[in-house]
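Attaching a single structure in structure tokens format; questions to follow.
Chain IDs A, B and C follow the sequence of writing; residue 1 opens each chain.
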Amino acid sequence: MVERLKQDAAASIRIESISHEYRPARGRPVQALDEVSLEIRDREFLALLGPSGCGKSTLLYLIGGFLPITHGRIEIGGRAVTEPGPDRGIVFQHFALFPWKTVLQNVLYGLQKLRLTREEQLKRARDYINLVKLTGFENSYPSQLSGGMKQRAALARTLAVDPTILLMDEPFGALDAQTRSLMQEELLSIWQRQRKTVVFVTHDVQEAVYLADRIAIMSARPGRIKEIVDSRFEQRGPALLKSPAFMEKVDYVWNVVRQEAIIAQAEVPM
Amino acid sequence: MTGALTALYRYVPLLLLAALWEGLTRFGIVSDLVLPPLSGVIASWFTLFEDGGILYHTGASLLRGVSGLGLAIAVGTTLGVLMAWIVPIRVVFRPIVQMFYPIPKSALIPIMMIWLGFGDASKIVLIFLGCMLPVTVSAFNGARGVDRVLIWSARSLGATRGEVLREVIAPAALPEILSGIRTALALSFLLLVSSELLISREGLGYLIGNFGDAGIYTSMFAVVLTVSALGFAADRLYLLFVRRVLAWRE
Amino acid sequence: MNAAAPSRFERLRPVLSLAMNGASIVALLIGWELLGRSGAFSRFLLPPLSLVLGRVADDVMSGLFLTDVVQTLYRTLIGFSISAVLGIVIGVLIARIRFVNWLFDPIVSVGFPTPKIAFLPVFMLWFGVYNLSKIALIAFNAIFPVIIATIAGTQAVEKELVWSARSLGARGREVLWEVVLPAALPQIITGLQVALPIALVIALVTELLMGGTGIGGTMIRAARFADSLGVFAGIVEIAVVGWILIKGMELMRRRLLVWHAEVESVSTV
């Protein structure tokens, strides 16, 4: 069992009246988010669900501190967000592994910036590589790995610095359907062992209902929170997918999303 | 209106550079033996223009350059595409091309000097031989790189081999061929100026060398800038031409 | 592909293709020799291959080959190194600092397609007729592809890589050195692979035009003395140098970019 580096740090996220404008190189500025307010509880798994272009990734990047906050406020554990930091780990759809580093070197990257001895760094790195079931691939380069393996490596790299919050931007979107299901299982099992606050962006309704405690459904651009749906179930596991309660929930959520998806489709592409 | 202004704004640093040039020499910070003032250079240019010298030599240079390059493009493209399309030709010519590739084409200059001496022929042949290689290679790569699926589709729709060549391969290979021609264009200037500096009695390269030897530096700089401007203009015009051609094909 | 043992034909295939490659070159060389001996051209215009190789051997024996090669390589590599270091530095600055970008953009985009060889007499005026002017002109020519490739590589770094690094704790300059430059490296090396042959070409041209030592100097002397054997021998020598430089560059690329998915090969001028 891997040790937590920080114990019980407060990891609730408070998003207040966030608006964000996106200014492309050519053309008019676009309102990506419009007065979004949301509270994400400590240790909960929240999905941001919505059609393409609804701003869900933008919201994630604002939480992460990658985009400047121009209107509104985001607080984590009471403190305002201004910059990226190791308290908020991020996992991207296209893995963003450093291609010139091996798996081990990638995972070590964040660890090297913490105050740990070399042995401690290596131990943590190997522990997390084992956790994501990539044992034996420490010295492989990303170009030698499959999509699923790359995402596991990216996950190990992010988890290794023990962030209190995990931001995930459609992390399984680039994987084939079978790998995606396996990765969803693995994510759940990891999360059940190391509870973090997870903000999970997806456009896949079933994925959101399956993984999340709550789902924040966003409207088409400009993004607003349309509805928040509770998605807790007694037992999570592959069997859940066939249960009537699950399918009902998926149906319900899909209907909410569907209207927004239609609006989004009708929009002129940017 | 603003579009043109922003385009021009981009080149303001060049104006600053020109001002710097003029300033350094006018205020004696740099001796005008080494760097004549820009105003003097420009004055020289007009003098050269008026008594016809520069037009004549420019014409001589352009004639050689265009002929050599034109031949290189015609022969090189044909050879490259045929190499890609017909196996025996590829087998024969590909190793030869690969062998000559690492040789700097300017090594041909002394040979041209021996074979053809001064005069137009040596420059034209030099540019022809030197520029043929990049054109051939890019034509070959472009034609080879055409997606099999496109060729098979055309064939299954009843196209003959000749039609496939003309209507599928040539257009698909075109971007790469045009890119190779751009390289050849720059190379042709290099070969032209070098050979004119060395083995010529006319041409812009000859003028530069001549003025340099005679110590008339204002005129020398004037011709140097003329050659630079021609090379730059040729490249830009070529890019515009390419954009037109490829847009039409779209 | 079946799992059975390869047929005789398949095992021979690499040998066959090597033989076919060699065959046309051999045919060319034989043709050269025959044509040279046939008397269709004078010995002066087209000396037979055997005589040319004989001259090359003489040059090697007398040490002239080595001296010339060393001189030419020295100038090429010094000029190339200067253009590499300066080019990468300038390229990074242009890509990252808006003011520097504005200042240098027209200079680079105008300078790149300009035939900078025309500046040779200018450089001779400024730097004399020995190595300095040659090296300066080499660097002046070779720096442009390096700058352009560095700018392209640096600007093309995916923002997700930079963001990942920042969220893993990288601060300020660390992002540049630890993420941006390594990520831009493949493209930078491509730029270097374009610059090196340019450096060799300019070295040769400056030697041809200014005389003195080096392969170009020897070649132009030979041409002036109507020593066609010497000229042809020079071509063989410069071909060897060119081939060595290109192979060296490819090897370096492969070692530095062992992690890279694609392998690119680049042209020479």
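The criterion applied here is as follows: a residue touches a chain if its C-beta (ideal position, glycine included) is under 8 Å from a C-beta of that chain, and two chains touch if they have at least 3 such contacts.
The structure presented is a predicted model; accordingly, all values stated were derived computationally and were not measured.
Asker: If every chain is a node and each touching pair gets an edge, what shape is that graph: line, ring, star, complete or other?
Answerer: Shape = line; chains linked end to end, path left open.
Asker: Report the chain closest to the protein's overall CA mean, measuring from each chain's own CA mean.
Answerer: Of all chains shown, the one whose C-alpha centre lies nearest the global C-alpha mean is C.
Asker: Indicate the whole-number Å distance between the mean C-alpha point of chain A and the mean C-alpha point of chain C.
Answerer: 47
Asker: On a C-alpha centroid basis, what's the spacing between chain B and chain C, in Å?
Answerer: So the centre of chain B lies 19 Å away from the centre of chain C.
Asker: For chain A versus chain B, what separation do you get between their C-alpha means, in angstrom?
Answerer: Each chain reduced to its C-alpha mean, chain A and chain B end up 52 Å apart.
Asker: Would you tell me which residues of chain C are touching chain A in their complex?
Answerer: 158-161, 163-170, 178-179, 182-183, 185, 258-261
Asker: Within their complex, state which residues of chain C touch chain B.
Answerer: Of all residues in chain C, those touching chain B are 20-25, 28, 44-45, 102-107, 110, 113-122, 124-126, 197, 200-201, 204-205, 208-209, 219-220, 222-223, 226, 228, 231-232, 234-235, 238-239, 242-243, 245-246, 267-269.
Asker: Can you name the residues of chain A that touch chain C in the complex?
Answerer: The touching residues are 61, 64-66, 83-86, 88-90, 92, 94, 96, 98-101, 109-110, 113-114, 141-143, 154, 157-158, 161, 163.
Asker: Would you pull the chain B residues touching chain C in the complex into a rising list?
Answerer: For this pair, the touching residues of chain B are 10-14, 16-17, 34, 91-96, 98-99, 101-111, 113-115, 134, 137, 183, 186-187, 189-190, 192-194, 197-198, 204-205, 208-209, 212, 217, 220-221, 223-224, 227-228, 231-232, 234-236.
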